[in-house]
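Okay, got some structures for you below.
Each of the next two complexes has subunit A plus one more chain, namely subunit B in the first and subunit C in the second.
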Partner chain A sequence: MSDAAVLRPELRDPIGRRRLGWAIAAGVLLWPLLRLSEFHPATLFDPANLHVMASFVAGFLPPSTEHEFLGFLLTATLQTLAMATAGMALAFLVALPLAVAATRSLSIAAVGPARGRWRGQGVRQVVRLVMVLLRSVPEVVWALMFARALGLGPAAGVLALAITYGGMLAKVYAEILESADARPARALLAAGSGRLGALCFGLLPLAAQELVSYTVYRWECAVRAAVVMGFVGAGGLGQLLDQSLKMLSGGEVSSIALVFLALVFLADAISLALRKVLA
Partner chain B sequence: MKARLRRVAGVACVVAVLVAVAASFAYLAVDFRGLFTAEGLHAMLRFVVEFFPPDVSPAFVRQAGVAMLQTLAVSVLGTLVAMAAGALLALPAAGRLGATAKWGARFALNFLRSMPELVWAALMVLAAGLGPFAGTLALALHTTGVLGRLFAESLENAAPAPEVALRELGAGPVARFVYGTLPQVAPQCVGYTLYRWEMNIRMATIMGVVGAGGLGQMLYFHVSLFQQAQVATVLAAMIVLVVASDVASGRARRAIGAESH
Partner chain C sequence: MTLHLEQVGVVHGNGRRALAGVDLAVATGERVALIGPSGAGKTTLLRVAAASLRPAEGRVAVLDAQPWSLGARALKALRARVGVVHQAPPIPPRLRVVTAVLAGRLGQWSLARALRSWVAPADAPGARDALARVGLAERLFERCDQLSGGQLQRVAVARTLYQQPRLLLADEPVSALDAATADTVLRELVGYSVAAGATFVASLHAVDLALRWFPRIVGVRDGRVLFDLPAVDVTPERLAALYAGEESAPAEPPVATVHGATLPLASA
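After this line comes the complex of A and B, so read on.
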């Protein structure tokens, strides 16, 4: 069938040659990537690795239900949730002024001739740069450095979340505010209202729902991030998991993983309910 | 009446959120005042000043460059593997192969997705040994869960008419899918993949913290030794990588016309 298809001109792929060229180029590009990332699937089946993994996975069942460990697990879970919530609250405080400053719809100079047009644009550019800097360093890196500077513990995680998520929230808030219809805000500005008034009465009514649902979604992500930051010493579930992994204690790892799954589903459910009520 | 009920629910939500925030700060008992005392500010300042000047000796810059390329390779390969695996799992998850396969695939995708990359990485370091291969696998596992779900949603949302028309013309199941549905979902799927790749670069930079190679491993090493000049160079490399990939991926997404955040 394939021979016949290739030979019959009406069935030949009209851009077949170009596709073949791209495929070869992709292969050529892929090769150094495979080398650089030391892509050796065979190591997975290396007897020594298999043995370690098999005995570790065999330990998963049953999940550990030791009394003392469950106590640790509960505190770690609460700590993780608290870290995510506190971090989100600080991030919100960081993001709000940045987003408002970066929103073009609130530019007074855009409405008509006004002084300070260049100053306004300059401020917006600087704010955008700050936002990029805040979010381009991953939260785990911030957590790692804060943990070194402030000592191990949830404070490092909260600050790290505040910085990275502050930058991220600010960027998305600004995008949401700018995608809303700018005319009500412009009308308010033209009628002499201040920026804050134009924001509250011109933009927020249009954008509030999307802002809320994005914030709730981010909180969900923050819960996950809070777990991960434990790996670098910021406390909570991640730190517990790191310890259990290092001790190759499969039962504890599977208990933590179960709590983790439950937490993710819980965050999902809470965020769905919040979005429904606030919609 | 209904409006009033909604207002009450809204106020209750706001109060609940405020209480949750207050309770969180109280539970953590973090003393942020320490940050703002003269002593705390001084310590922070000293911490920041130690980063300068960054280590720009040719040998170290070359080392950081190699780590940067390694991180890039890990993110690209992890995303590609995840794209393939996600597409394979998306077919049953979209309900094309029966109800049992659908629930099985959905459960698998949810499970893969709900374990964060770093947890997968810690596990993969056990399975595949220290090094970037473990990072690639970890990224691939988590991203498969994410992309598989998104692909399945696109497949479900695709218009059925082209497939029906092809079936009535006598086309087989593969041809129906490839010519009827795939062209509808391909741009969106590529857009999702690019977006995930952007996020995976970030993840790949920190994967090394648990021993999975790349910039993260360098960072962890030098942070642990308090070598701030080297840390500054690695951080700069991270920022360059992340910003460059943001720009590249944004361009690519605009080029194929799949805009999303």
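After this line comes the complex of A and C, so read on.
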């Protein structure tokens, strides 16, 4: 009985066929990419490989609690956190003016539109280009370069984060600001307010929660990036992990991994708390 | 002359014509109500008057300046002197009432003052006075999302009063309010315009309110000015012609009972 209902053409979902088509197209596009990236999940479960992995993981246990190592671990953790936080602070300073300049809802000339509209659009395009340039090079590459110029240590990582994350934050900040309701800001601009006034009184109250949770998430990413940059000589947990791996001391590696876990939990807790405050 | 529109025409982006050949001159201190069926072009006309929509045709002068030939700084200064009450209050729900009201003077404040006021309200007494005029003084430090729709609209009115504009424009300012509150809010807006000598142009859905509070009535239909008359001369026949074909045509507007008697602020 229900089969008859399915076959009735007027009850068929008119976009069902299109959705199926898109799904197939996505699969066809993805398959060669998986081949290209040499993705063969079956090899993961090959008995020989499983054995190798098991003995590797067994080497990690138990986590090292050696007194001297824990001292190193604490210093390295603080250094990584400092690198990530200082880098994010600088990135924020880079991103804020770029994001405000790129947000169309804050354009004074767009009200009317008044004279200078084309110049405004030109400026926004240039700012978007700057944002692309800043984030196009991975922070590790910048870190390698700065480590040569400034010598080994967290300073190189801080600068690298400021550049790449500055571009990323600016892009996403601008997108968050643009997706908020523009009418309050427009009304303020139409009453003679400046760009920053309209931002603070019209746009930020709508977008603050999202901006904060994205910023905290980026800080979490910056901590991970700071670890990776440690491998290229920027100090902190990355450098410690590099040494422990080279010395094949699995217990130390697992202790470091536990610290990573704790840091992500910390970021999550901060994000939740801030969202609650801003709700 | 506060407002001078000459042969103004506007075609919206979707190709629909909103205004055609509109002439309107409003003297300083005058009070004018725009009435007409929905979709007649009242909102567009007010946006042109507020220097926030640039008409494709015709000439516009606002507060003795031609907004679209001004430089950015002068245009900003002009806009700071024009206050608009929007049909839907453009206030972010998370803003506190006091901050929402103080935002009315952003056009007059320096950036430093604006930022300071964003952190901590710069002029709470001023905001409170403005709120008192719309009966919301005790809600000063509440958040806007704790207010009802009508209360939020009154906060928007308080913001515009706090701005102290020379030209006060209102787009259906009381359509979201109950009859008694609507009358109170209009009394405050009219009171401000009388006391400050500011020009007041409002579009109103309720013809009785228009006739009660405004000495001059402009009927708008299909983007054109159908009539522009003293309130005493607005006859039921003219209103019938204005709203012809409209479902919500006001039945027997109280034309005869309107004048003089209920006008407030006789002392002002």
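Observations on the model:
The rule is short, and it goes like this: the second predicted complex is superposed on the first by the 219 of 279 C-alpha atoms of A that agree within 3 Å, B and C clash if a C-alpha of one lies under 4 Å from a C-alpha of the other, contacts with A are read in each partner's own complex, and residues count from 1 in each chain.
Just so it is clear, a contact is a pair of C-beta atoms (placed from the backbone, for glycine too) under 8 Å apart; a residue touches a chain by one contact, two chains touch by 3 or more.
Keep in mind that this is a model prediction, so the values were computed, not measured.
When both complexes are overlaid on chain A, the residue A:E175 reaches subunit B alone and has no touch with subunit C.
After overlaying the two complexes on the shared chain, residue contacts for A:L34 are found with subunit B alone; subunit C is out of touch.
After overlaying the two complexes on the shared chain, residue contacts for A:A208 are found with subunit C alone; subunit B is out of touch. By the touch criterion defined above, A:L44 lies against subunit B but remains apart from subunit C after alignment on the C-alpha atoms of chain A. In the superposition on chain A, A:L78 makes contact with subunit B only, not with subunit C. Within the superposed three-chain arrangement, the count of touched residues of subunit A is higher for B, of the candidates subunit B and subunit C.
Of the two partner chains placed by the overlay, only subunit C lies in contact with A:L196; subunit B stays clear of it. Once both structures are placed on chain A, subunit A residues 278 are touched by subunit B and, in the other complex, by subunit C. Residues 108-109, 111-116, 181, 183-184, 186-188, 190-194, 196-198, 200-203, 205-206, 208, 278 of subunit A touch subunit C in their complex.
Contact residues of subunit B toward subunit A in the complex are 6, 9-10, 13, 17, 20-21, 23-25, 27-28, 30-32, 35, 43-44, 47, 69-70, 72-74, 76-77, 80, 111, 114-119, 122-123, 126-129, 131-133, 135-137, 202-203, 205-206, 209-210, 213, 219-220, 223, 226, 231, 235, 238-239, 242-243, 246, 261. The residues of subunit C lying in touch with subunit A in their complex are 50-54, 67-68, 71-72, 75-84, 86, 88, 90-95, 99-100, 103-104, 106-109, 111, 114-115, 118, 163. For subunit A in complex with subunit B, the touching residues are 30, 32-34, 36-40, 43-44, 46, 49, 52-53, 56, 78-79, 81-83, 85-86, 89, 132-133, 136-138, 140-141, 144-145, 148-150, 153-155, 158, 172, 175, 224, 227-228, 231-232, 238, 241-242, 245, 248, 257, 260-261, 264-265, 274, 277-278.
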